[in-house]
């Protein structure tokens, strides 16, 4: 993995707790046994879902790209486990983990990958474009960094409506070099908007390592916008929650934005169709998997805490595998959208003809 | 009926909608304290306060994207682009996010945003500030594009645009801000997608919109007087949705068509119109469809020459005579 | 790769063309510009020009076959090149010529074709008619043949105003006549013909429209006279015997045409036209005569027949008739008649009455010569008679005038030597 800067050295940085103390962080100390099991279960469900989706992809059931989140599960699960009613999430194209983390059902997610009408976007969005506004999940966006101004807008909306909440705007380490991200940083800080920018640093923007793409530290750039920032490990869900709780709380209470960088790792290629041997070694992947796999790490932690036992682990895993299998069956059995569906969901007005106010042609041939 | 400027008409529409719906906010560069780069928003800050009238940094991708995100939560931002020419730095936000989010979410998310500002040449501001992107914008299903020519239309259409649940791009014109027209004091709305026959005629249909409506009307008067050609001027007002039926009805009457647009010719709005007219009124045409567009080059600075690069009444007359040959 | 020559679109409405005959055979060398074949469209026969150099390696459509537009006709390639498959399997198929159909039903070659508006002018692939869409539609509505209209638009494009003007002019022109022709019958078992509907061609539509208008709107009346044809037949025999070595054979109709013109000189009121508020009388006798052609008829005009000899009229009538049947008449050759003659005598019809062909004021229907007992010098002898029926537009020609005209005609035809001076 690429070298990352030491965290928390700047004036505004928030010190993370010392290693092994994260379980004692207030947000984790309050967790019930069931809550802990649920964190574990979500990570397992994400992984099994994605493993199943990879099989489906290779069986030519899925078109386009498939950006897998495998290896990064603790980030989305940790962050999204902190969401309150007025908290919102927006992310980029590696969005399956966040979708499951916010509570979306997995069957519509798999069906979406299959391009079926039962998909969460009716087969119109695909892998990169999952949405569930009912769970405050605003996508699923395909253009690197393009979603970040929208995340600021979510924060703006929360604040404008007088609600107490925060938006989490997720991006990868490659996105920090996009202009839109910096414009969003500036606006958020300038206007005191309750947003936490979450850089999921998996070390590579596609096939280019952080060292080869980004000058300087990533989260630290927030300091230039007078924002607080933090950095933590992303393989320990306790640690993710511990740090995110601090920043989310601050955002909700003070409307101050911040940027956090969570170090993580993906096991698969940028998309599953991309080569994975041009920029990193198999050993690197194996090393992370052996020492920092987020599911393994948390599982061992919960075993040590006595929350999990082997049979429960196996049960959770079996259920997740079964669930994943059922999603594929569901997707397989679902119908495709019809050509008639192509022009639905384009305009609110064309989907609500009785309430249409405008006249003239909306569609052309 | 009171006579007010186009600028005032836009301002009145903003004020009325700000008054009507607290979800409406006006944002943009210099819209608040500065009172608007072109004074469109003059006085709104004093009346509605800084929460509703918001000065943004020069950061179009950032604040347009922010407005889109806020609109997904039900805020109704009216974003001012000081020039529509600056859309290019926010292209991804406007045409990936605003245009696509409803579709990609399977209809779960609306984006009731209005982006407005002037889009025109003729003020000698050079190529970077003279873009007319209505064709580029309208090429994206999911968005609506409006280009009003008169004070009356500007007000009625902007009010409809702000109430619309889809993203509406509203293209004004700095050369029209000072143009006066009758605007009633009582509230009215003009539906998007409804063209307006600005002059009735029988020999030639000029299909146009925006400032070219004024050029076409001026040319029509001369054509009537000096050439005995009776011109019907159809003002589209909206590019998308498009009221092609009014155009076709006029073509069915005159059988000759000239499209006048302040657009670069390649794949312009006029290109689309020409396609639709020949497709749907082929047997009504007594000659090829003619088009007068901006002379195909980046906007020239040189003031007297720029006037010749753009459509103007003389060029319209010449084009009309060619269309009548 | 050989170039495949397809059935070209030679007229606006053409959907099928008949490959009349090949002018080149398989194996013949071909140069660009060479004529490959004769192609008959609905009204005209045209030559198919090669745009390629090479060898005519394959003929797909035999002579006599009807070929849909765009279907392959032949291939021009390198000598000896083998064409195994047509490059475009979706192209309309070639229909075999009717003669190869063994079914007894008479298959009219026109059954599957529609006649175009274009008549005599022969716009080749490069000479497509330039006409605005609106003008084209108007032309169809008004029965104006756009091929006969000169365009005033850019590059000679026919525009709306041209068709409107032509529509007005057409009311004073003379594109069609009023007679009908019989057809030969085929004795055979089985159905008379395949039950079917045939789209009304432009020509048929024009005939229907104009003659319905004439028959229902013009106050027709008819006068009839029987003439002694013996002197005419005798003179014709003598003249033909004398002219035989020159290859000339005068027909009875030639005499009738000449006599019609001469009679107009004597009763010029018949040589007129109703124009609403005025009646126009013509100074020249342009005699139109009906020629039956495929799917209709056409009336070529002998201009200034009052100035022409029988010999000249005969020669011209034969040439016009031939060109009419070949659909090669130009518009100038079938418009502008002032009087019309329709002759069914050669088909054995003793007498009939014809419908006036507007804007003419009269039409002469000519029956066959009939052998019958006649009283001559107070004795009953075998005579040769012929019945002439004049249909008159009562607005222009009154009964007495019509009678005078037939009287003059009788006088001329019974003393036919008058026609020679």
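First chain written, first letter: the chains are A, B and C, and each begins at residue 1.
Going forward, contacts are C-beta pairs under 8 Å (C-beta built on N, C-alpha and C of every residue); 3 or more make two chains touch, one makes a residue touch a chain.
Note that this is a predicted model, so its numbers are computed, not measured.
Colleague: If you average the Cα atoms per chain, which one ends up farthest from chain A?
Modeller: Result for max centroid distance from chain A is chain C.
Colleague: Taking each chain's centre as the average of its Cα atoms, which chain lies closest to the overall Cα centroid?
Modeller: Checking distances from each chain centre to the full centroid gives B.
Colleague: Counting C-beta pairs in contact, which two chains come out on top?
Modeller: So the pair of chains linked by the most contacts is A-B.
Colleague: Rounded to a whole Å, what is the gap between the Cα centroids of chain A and chain C?
Modeller: 83
Colleague: Between chain A and chain B, what distance separates the C-alpha centroids? Give it in angstrom.
Modeller: Result: the chain centres lie 39 Å from each other.
Colleague: Using CA atom averages as chain centres, what separation in Å is found between chain B and chain C?
Modeller: Here the centre of chain C sits 60 Å away from the centre of chain B.
Colleague: Taking the complex as given, what residues does chain B use to touch chain A?
Modeller: 25, 51, 56-57, 59, 61-75, 92-93, 96-97, 101-110, 112, 141-142, 144, 160, 163-166, 189, 191-195, 238, 240-245, 272, 276
Colleague: Of all residues in chain B, which touch chain C in the complex?
Modeller: 255, 282-287, 325
Colleague: So in the complex, the part of chain A that touches chain B is made up of which residues?
Modeller: 88, 90, 119-125, 129, 131-134, 138-143, 146-158, 160-161, 179-180, 182-184, 186-187, 190, 343-349, 351-352, 357-364
Colleague: In their complex, what parts of chain C are in touch with chain B?
Modeller: 132-137, 153-154, 157, 159-160
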